[in-house]
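The following pair of complexes shares a single chain, subunit A, combined with subunit B in the former and subunit C in the latter.
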Partner chain A sequence: MAGKRVLLPYGLSLPAAAVLTVFMTAPLVMVLLLSFNSFTMATGIQPGFKLANYIEVLGDSYFHTIFGRTFLLALWVTGISILIGAPEAYVIHRMRPPWRSIFLLVILGPLLVSVIVRTLGWAVLLGRGGMVNTVLVKLGVLERPMEFMYSFTGMTVALVHVLVPFMVLSVWTSLRRLDPAVEAAGLSLGASQWTVLRRIVLPQAVPGILAGSLIVFTLAASAFATPAIVGGRRLKVAAMAAYDEFLNSQNWPLGAAIVVVLLVAMVAIVMIYNRLVERRFKQVFQ
Partner chain B sequence: MTRTNGPLALAFHAVFIAFILAPLVVVILVAFTPESYLSIPTTKWSLRWFEAIWASDFIPAFWISVYVACGAATIALVVSVPAAIATARFDFPGRQALGAYFLSPLMVPHVVLGVALLRFMAEVGLTANMAALIMGHVIIVLPFTLRLALAALTGMNRHCEWAAWSLGASQWAVFRRVTLPMIIPGLAGGWLLAFIQSFDELTMTVFVASPGTTTLPVRMFQYITDNIDPMVASISTALIVLALVLMAVMERVYGLERLLAGKGEA
Partner chain C sequence: MAFLELHGLVQRYGPVVAVDGVDLAVDRGEFLSLLGPSGCGKSTTLMAIAGFVEPTAGRIVLGGRDMAQVKPNRRNIGIVFQSFALFPHMTVAENVGFGLEMRSIAKAERTQRIAETLALVRLTELAGRYPKQLSGGQQQRVALARALVIRPDLLLLDEPMSSLDAKLREEMRVEIRDIQRKVQITTIMVTHDQAEALLMADRVAVMDQGRIARIGKPYEVYENPGSAFVSDFLGRTNLLPATVVGRSAGRLRVKIGAVEIDAVGEAPDGAAMVSLRPERLSFAAQGLPGTIESALFMGGQWFYRVATGIGQLSVIRPNEGGAHVAEGGAVHVAWPVDAARVVQG
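Right, the complex of A and B next:
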């Protein structure tokens, strides 16, 4: 009886663990092994243990451009998401009850719509005859329509739209712990609105901004659909480069190496970020 | 109370909300235009593109998506309930590690999962196999069904379980007659969220889709990379309406901000 009870939790966990191991962990190991194989058009995939694919991905300027663009895109998207998402979270935080949940719903609702639909909207808006151009020309900002589709700017704007809800949600969640009485106390003790914002609200929002940044950055760095549609062939990002190697060039080992490099780079960035954040936090809370 | 937003804050808020809604609104507007190219702004409206959906190959793709999403959500739910019970109700060596393992699919980008699934299917000879695609989706939705099952289990009143135990009910009877009925609403929420996740999934599926397993998002992606016309906008409009309905249900029952923390693909 006692033995059975000890084993029971393992038995209960077994189905889920088995599914994950067979369909995620084992395939990931297969991809890692694949990345060391070689490929030629004539012979197809050749088994072996060579670093040639990694030398190509890490050494070729073609891939440098792609990874550089991916990183820069993720950085821009994260920065803009902080700049517009954090203030919006604060505005929502200060709203009265019915409005607060209504607007939270408006901001989070698009997450239930496929990313392909949201990106389609931007493709329509950003086209040469699209609304963004029409408005900018009417306002006199632009002299003639500009091509935002297939541009880095367009890619950034569309991706910010797709990912900024995570920033708003993250910052709003951390602001919820802020006691409004503290703000009121600051004001009644003679602090200006600006001082209250900087000394009371911002420190409370920082954990949310940091957590939100990590989510937005990692999702932006591995984004596929939005850059593929708005950026097009000319502005490839890492995820698209992998897609092309797998489904167009059929060079699976090289595609596998791209994916492994992307994954390792992301894990490294997340770990360094966490380390820096922890150190910084000690100073904030001492 | 000083909790009111100034005019500047409200102006910023209006611009932000316009930014969030603009692409969705524009898709809906385009869907009702009569021309076969993008003709916004216009004064002429038509339902012709909604009629055209019925004869298109988006309909079979839609049913494939529904099939895959139902399968993936159900399988994920069935394996996550016992796993959630193990991590919520038992203390055993390796509990933390197992819990982290169950949530680990959240850490792996969908591109990587797509590549992995493609390689796996080729290695074991299941290329273009529907069951393998469903299992791939199970990986993506498992963290969500598990999280909601865990929340339901830790949130329920455990006195009911203890009362049943002390009255002599077996462990299985307690689960079936007391625990399960109490966590059903949470499990239903998890299933629904998993369904939506799987239904909307593009990045992983695009790597493994073949003619028999082309889901709706993949079909739309292929279509959009060729050309953008009001037809694909009208399908998108239908999906937006569907999402609105689901959103209303989920908000009423669970509160959307709790469900959506950390979900994502771009």
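Right, the complex of A and C next:
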């Protein structure tokens, strides 16, 4: 009996483990192995174990620019998502019952629309003859239309729109655990509303902000469709570079090396960030 | 002029009238308890004094100053919340020091006052702990220290014991009362626990449906409740429908069923209620004949239900060891004349 009990959890996690192994671990290992192969136009993919692809990805300034752009974009998108999403979550948290559900639905709405459709919508809005430019020119804010499309700004705006719901949701979840009386307690001790927000509410929302930024950062750093449509060919990000190597240059090993570098860098950044924030706000994570 | 005065306080939420004209005067240093069943308006009254809800009508005057235009964070009122509402990301010392920091009090004085207040609530050793590392009773003492350290004009306790277990609750009642006497701070406590209110407060105000039904010293209110509601809410009682049929020498003659008894109180002739406290009834050689329907042992006391000519009576007798009256036994129930009190129905 006792033996069976011990084995039961392993047995129950077997289906999930099988799915993960077949569809996640195996492809990753294959990509990893692929990245050590070599490729020439004449011979195609040659099996082997060489670091040439990594030397190219890590040494070439072309890839430096692409990775720099990718992580800068992810950083900006995460930062702006915190600035927009956290206050938005607090506003929703303070709403009364019927409005709260309505506005949550409004925020989740974009997630119900396909990424491609949403991004094409941004392309229409941000284009040279698009609504944003037309309005800004008509109002006299701009003298002539600005280039939002195929720009870093445009990519950031479109990605923030796609990803901010994740931030709102995760901050809102951590605010729901907040005792409503702590804000009243802060006020009664003489703090202003602003001080209460900064000193009492914000620290307790940190776990939500952390979880939200991890989701937003990883999704932004690995985003493909939005940067491809809004950023275009000139402003490549890592995911697009990998796509190009796989499908345009047919250089699968080099594409695989890009993917591995992106993955390793992302895991490292996420872990360091997680560790730092948890150490700083130890108490609210218990 | 009293230190805290409420004049005709009314609080409406849409069609719901939570507080329906409360007048109250509390002296400096006094401990007043607002007591009542849930929904009687006691918490709303407290929140109005704290400034978290804006009264629909009426005035709140604290220390001669009208509070209408004073924001909650400028009222200098210390509050202990039902959930304690400690700041989970701050240590005990930081929690207690928060109010001092908001008052821009210099570091040195702050440290000293935090230490003094923590000593008052016997938490000196735990200054560096976080709220989650404390027991319920310790958390409550932090909440009390945090409210007291700012030297508030008024201390508000909102159901302060309700999240503690029974044993701890009894200890904290005495401890909080002692601390209140020691620092002599004007205190208003909201509670639905009549034992707590009677034991801790200098005066209790029993609230019912948004109004104060009875206010006075605990002993007076208990002994002379005035209405059937108050007499039933404060402690146990036998409430018997009666008719006032005559009066003589400060006594009333009332008829309950077919039995006529003497009672005390004020009431016009006609229908009324008579309240008989179970602990003032006893078994004697002479009196109202009855039969024991049940005898329940409660440790310190025996709780009897007796069928009599005026209805079923609850009787509580101290456990003095030895034999008790068995179920089914024939008894005579007796009481001193002033135990039968006529109250308004």
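Everything below uses one rule, namely that the second predicted complex is superposed on the first by the 263 of 286 C-alpha atoms of A that agree within 3 Å, B and C clash if a C-alpha of one lies under 4 Å from a C-alpha of the other, contacts with A are read in each partner's own complex, and residues count from 1 in each chain.
Operating definition for what follows: contacts are C-beta pairs under 8 Å (C-beta built on N, C-alpha and C of every residue); 3 or more make two chains touch, one makes a residue touch a chain.
What you are looking at is a predicted structure, and each value in this text was computed from that prediction instead of being measured.
Colleague: Contact-wise, after the overlay, does A:Gln204 reach subunit B, subunit C, both or neither (first, second, both, neither)?
Modeller: A:Gln204 contacts subunit C only, not subunit B.
Colleague: Who does A:Ala242 touch here: subunit B (first), subunit C (second), both, or neither?
Modeller: So A:Ala242 only meets subunit B here.
Colleague: Is the number of subunit A residues in contact higher for subunit B or for subunit C?
Modeller: Result: the larger residue contact count on subunit A belongs to B.
Colleague: Which holds for A:Arg118: it touches subunit B only (first), subunit C only (second), both, or neither?
Modeller: Touch status of A:Arg118: first partner only.
Colleague: In the overlaid three-chain picture, which partner chain does A:Asp179 touch, first (subunit B) or second (subunit C), both, or neither?
Modeller: In the superposition, A:Asp179 touches subunit C alone.
Colleague: Figure out whether A:Leu105 sits in contact with subunit B (first) or subunit C (second), or with both, or with neither.
Modeller: In the superposed model, A:Leu105 contacts subunit B only, not subunit C.
Colleague: Figure out whether A:Val91 sits in contact with subunit B (first) or subunit C (second), or with both, or with neither.
Modeller: The answer is first: A:Val91 touches subunit B but not subunit C.
Colleague: A:Leu187 in the overlay: touching subunit B, subunit C, both, or neither? Say first, second, both or neither.
Modeller: both
Colleague: I'd like to know which partner A:Val264 touches here: subunit B for first, subunit C for second, both or neither.
Modeller: After superposition on chain A, A:Val264 lies in contact with neither partner.
Colleague: Residue overlap on subunit A between the subunit B contact set and the subunit C contact set?
Modeller: 184, 187
Colleague: Give every residue of subunit A touching subunit C within the complex, in rising order.
Modeller: Within the complex, subunit A touches subunit C at residues 179, 181-182, 184-192, 195, 199-200, 203-204, 281, 283-284, 286.
Colleague: Spell out the part of subunit A that touches subunit B in their complex, as residue ranges.
Modeller: Answer in residue numbers: 6, 8-13, 15-17, 19-20, 22-24, 26-28, 30-31, 34, 84, 87-88, 90-92, 94-96, 101, 103-125, 127, 129-131, 134, 158-159, 161-166, 169, 172-173, 180, 183-184, 187, 215, 218-226, 228-229, 238-239, 242-243, 246-247, 252, 255-256, 259, 262-263, 266.
Colleague: In their complex, what parts of subunit B are in touch with subunit A?
Modeller: Touching subunit A: residues 1-5, 9-10, 12-13, 16-17, 19-27, 30, 38, 40-41, 75, 78-80, 82-83, 85-87, 89-90, 92, 94-95, 98, 101-102, 104-105, 108-113, 115-120, 123, 135-136, 138-139, 142, 146, 196, 199-200, 202-203, 206-207, 217, 220-221, 224-225, 228, 232-233, 236, 239-240, 243-244, 246-247, 250-251, 256-257, 260-266 of subunit B.
Colleague: Show me the residue ranges of subunit C that touch subunit A in the complex, using the header's touch definition.
Modeller: That would be residues 50, 52, 71-79, 81-83, 85-90, 98-99, 102-103, 130, 132, 146-147, 150 of subunit C.
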